[in-house]
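Following are the structures in question.
Look for chain A in each of the two complexes below; its partner is chain B in the first and chain C in the second.
The block that comes next holds the complex of A and B.
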């Protein structure tokens, strides 16, 4: 909570502030939660004055109620669903009949879905990546988390023509690979177009949690300040790959501070997603899971506290059968989709592709 | 939403003092002078706290001179096109083994972490030494003309072997210079470059750090950035092996994971900021599957997850 200063509660005079501070009332929280009568006795400020200032401060701090209809309309102006860029190989889903967005009227649904193609990963995510959601991709090393991230990045930049911020903590962002994916999607592109598509992607390298927080904060500051440039207005996607790499060195043991840093990180990610309607994608590592109840031998890293942060969680596993590696994505947390739905996909030269439907559903 | 002071890189001691005095968010410190801060701290310390908070919250003011160019960007960000161009200019370290190079996309990549894991005696150290020599191949031959840091934790760095490998590399390059079909000016450049590519020179450009325990290794990871400032030509760091010192004397396995993750982050930071390749050697461990009784297989030790590419060396 904020420190008590004359600015935040205009009617307090500076000499009164000093008296309050010497009585241990230092923050706004101290002030509004104190006992008025005893404080009035100690400070010789009239009790009436204190309680009237208190109610002003409380009114300033309180959240405003928002009409559901206004909220909905406000949301719809910036709402979008982004494809993961996962291409189809075996089947073409018909998405016109699919009753996904039951909350939206038919007309809106039509306009929303014209650009969304239901291919395996998108289908798993019920259409793709929603703005306002924090989507987490969990998997061990080499399961294809970064590849999916780069795929999402490219498809958002190329198809939706939106700006993307990619926060890279492990040096896994690869420009060559992006170019390769681009060439896989569209064979003939001149340099200018490539430049256009790639310059919509900003990459920030952050190797520790403080630089990560700083990067996210500076993104948020730009959105708050409402700078009228395309880059800020058209920013719709933030990717953090890999989040666990910067959080896990400070987490656990005797380090209480690490936990607070992690929670702060989750607050800022949520704020980016919800208040600024961005699609936020994060990746997480796995740790060994020894419990018998779990269907996987591993579980997401960062513990149960972090489990509340992402609104959608996709678990990726690899299964090796002979020389072939099968990658299976399973949804383990979602507010829209049936849980434990699985889809197989593969990664090749041209990016992430869906494989034939899994029979076990 | 306001940013809390605990999200700034300040020591817990300062944070506690700030919190007692009622300063909890960055907003609170906005218009406070070091004298006003009055935290029973030295003036300089107070100034440092304020500078830390302000430099991150008000980045625009500090970089007013290049605001025209950077105003469109979030500080510290690069666009993907620049990264692509940068990557194309980096090059990579060839291993002299064509198939291995192909697997890695032209050699061990600069700016990334590459992990080699394998059972004892499979040749991990040999690969490490070979790379430490290969990184020094002169520009004229398409090499990186760099220097190498070799962090030896197992005591397996055998200098006689380095001499052998270096001599073979010199011989090979001489052969290339004589046999390839290029014009005279290029050939003379290559012969000129060969004069500096001799066994003694190669040896003098490999900096060996011997680490006897994990504390030394972690301490070294903190000192290396300064070393790299002085030796800007270093293009390769080999850690042989990352696993050894972490596989004994550890009761607290969570602490081990944390230290390893921290170590991996500092290596990737060096790799990206100094444009060098980091090669980690890892040992193998046996995992027994509970589901299939009696079945066991070898997996890389320590469960490291940060490397960009991982190579499994098998016989």
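The block that comes next holds the complex of A and C.
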């Protein structure tokens, strides 16, 4: 509740404020929605004066409507899609007595006799990560959420040459791993280039929701203040890994306080995405899902209020078959893609790779 | 007081035909159709197709009845979209519009072999991008970040409504966006918590009377549903009294084939007839 003080409505004098207060106009909201004529009759303030101050206050507070055409033109100048950096593996499958032999070869792809479909996370996301979207990666511990995040970070910094902010809440960001990924991608990089790539990645450690809000607010301040440095202008991706780690502790007990903090956090993430054209990636844990209608035995953590926040959600599961772990990514929320599409992927020393689904056609 | 030309007055008062029921399938059960001044509420869980349905209705509104020789069955009226959740995706809307045009061209050509990928526009329709941009100029988008800003924005939109009588639809996605923030900042005092919301609703109620706009608000399911309380009403009483028609959205899962089926049910009406639809790349497709 914003109280009505002369600070917020500059031209109201303090004695006029007292008159307004005694007539039940205590907050800014009361003032801007009051009926001018009847107020002028009750108080000695001329109606003209009230309505002019009222319209100034409304104009200061209100958001400006954008015409759809202008919005579209503006959007197209800033719009971009980032790859998740998930490399395609090209397979040649030869079916010999129901035994499948797999050859990995990029060059052989053109000469494949039996075409096997190959998939990637990008394809799952209809091209990749869109600016203006909040993409949520959901999975239990050890399913590879942080690995995907690091992969995205590196590919955005290396291929797209954009700046990345990585907010790390659990100490899961690993510099060594980034270096390993970098060496796996391009062996021929010199030190200067490696330095350039790594300097585009900023890591912020936030171990509670307050430092997280502070970190995001400082990013927003930087974007709003229009500082003309490359670091701000070229910032295109914000990763929060893992979001649930800071939100879950405040949700217990005092429900309302926790939810209001969570909604504040969600709003700042979404406004960064939409108003500053950033791609935002968050990771979330899972909790057990007891409802019978669900296709999975788990559901995203943080409850139904949070569920409305991300516009795209990728669910990651692992299946263990003997000594091998299969990772499967399924899209469970999207406004662009067909839901419940699945893609298998694996993680090796070179990063996240997609795996072909072996379908014998 | 804004001055209105007679032409604008005519559009405003004769607007009943212009709306033409908004959507024939979704509102098929409402005897007289959707009339100017009606208030609709869309509620549902995340991913139940609320925003997608709004995009479908926007496409119905901002497209003209016909373009060149194509029948688009639009209404060519203006829409104001207040986005409090940052959920509105313009690119998605553009995709929906493109598909409508493509479908209309195919229909005109009687082309039934649907090869989606290699479709190219005939020369006659080369300017379809400009056409879509022109359609988009019928749409006004505004983002809001807190409930006091929403109140001020709604108040300031009166100028737009007065200046453009072509605005027939006023959408708010969603009304529940600031629920937790307001509830916390009011320290559990219900009347302070709902103070801003009540003011917003009363301004909106005035708009529906004065400018004859159709108001569509969405409400998210913020609480887990249980046996005892399947749907909890948590918006202020004033809003609940204002609403003429309530629609409950839900995702039903796979019934036929591989496409997900969504359903929308008009609650608080006798019969509770359920309308089912798919969400495809081309937009909403109703199951007949």
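Rule of thumb we're sticking to: the second predicted complex is superposed on the first by the 282 of 361 C-alpha atoms of A that agree within 3 Å, B and C clash if a C-alpha of one lies under 4 Å from a C-alpha of the other, contacts with A are read in each partner's own complex, and residues count from 1 in each chain.
In the analysis below, contacts are C-beta pairs under 8 Å (C-beta built on N, C-alpha and C of every residue); 3 or more make two chains touch, one makes a residue touch a chain.
Everything numeric in this text was worked out from a predicted model, so none of it was measured.
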Overlay on chain A: chain C relative to chain B, clash or fit: fit
Partner chain in contact with A:19 - chain B first, chain C second, else both or neither: neither
A:344 touches, of chain B and chain C: first, second, both or neither? neither
Partner chain in contact with A:328 - chain B first, chain C second, else both or neither: neither
Partner chain in contact with A:257 - chain B first, chain C second, else both or neither: both
Residue contacts on chain A - larger count, chain B or chain C: B
Touched partner set for A:185, first chain B, second chain C, both or neither: neither
Touching partner for A:58 - first (chain B), second (chain C), both, neither: second
Partner chain in contact with A:273 - chain B first, chain C second, else both or neither: second
Touching partner for A:27 - first (chain B), second (chain C), both, neither: both
Touching partner for A:336 - first (chain B), second (chain C), both, neither: second
Per-pair minimum CA distance [chain C against chain B, superposed on A] in Å: 6
Contact residues of chain A, present in both the chain B and the chain C interface: 1-2, 27, 257, 260, 264, 267, 271, 275
Complex interface listing, chain A residues touching chain B: 1-5, 21, 26-27, 30, 140-142, 153, 165-166, 169-176, 178-179, 194-195, 198-208, 210-211, 213-215, 217-222, 229, 231, 242, 244-246, 248-253, 257, 260-261, 264, 267-268, 271, 275, 285-288
Complex contact set, residues of chain B against chain A: 1-4, 6-9, 12, 15, 21-25, 27-28, 56-57, 59, 71-81, 83-88, 105, 111-113, 252, 254-255, 257-259, 261-262, 264-266, 268-269, 271-272, 303-308, 310
Footprint of chain A on chain C - complex, ascending: 45-47, 51-52, 62, 80, 85-87, 89-92, 94-95, 133-145, 148-149, 151-153, 155-157, 160, 178-181, 183-186, 188, 192, 195-196, 199, 202-203, 220-224, 253, 259-260, 281
Chain A - residues contacting chain C, complex: 1-2, 27-29, 32-33, 57-69, 71-73, 75, 79, 130, 132, 256-257, 259-260, 262-264, 267, 270-271, 273-275, 293, 303-305, 307-308, 311, 332-333, 335-336, 338-340
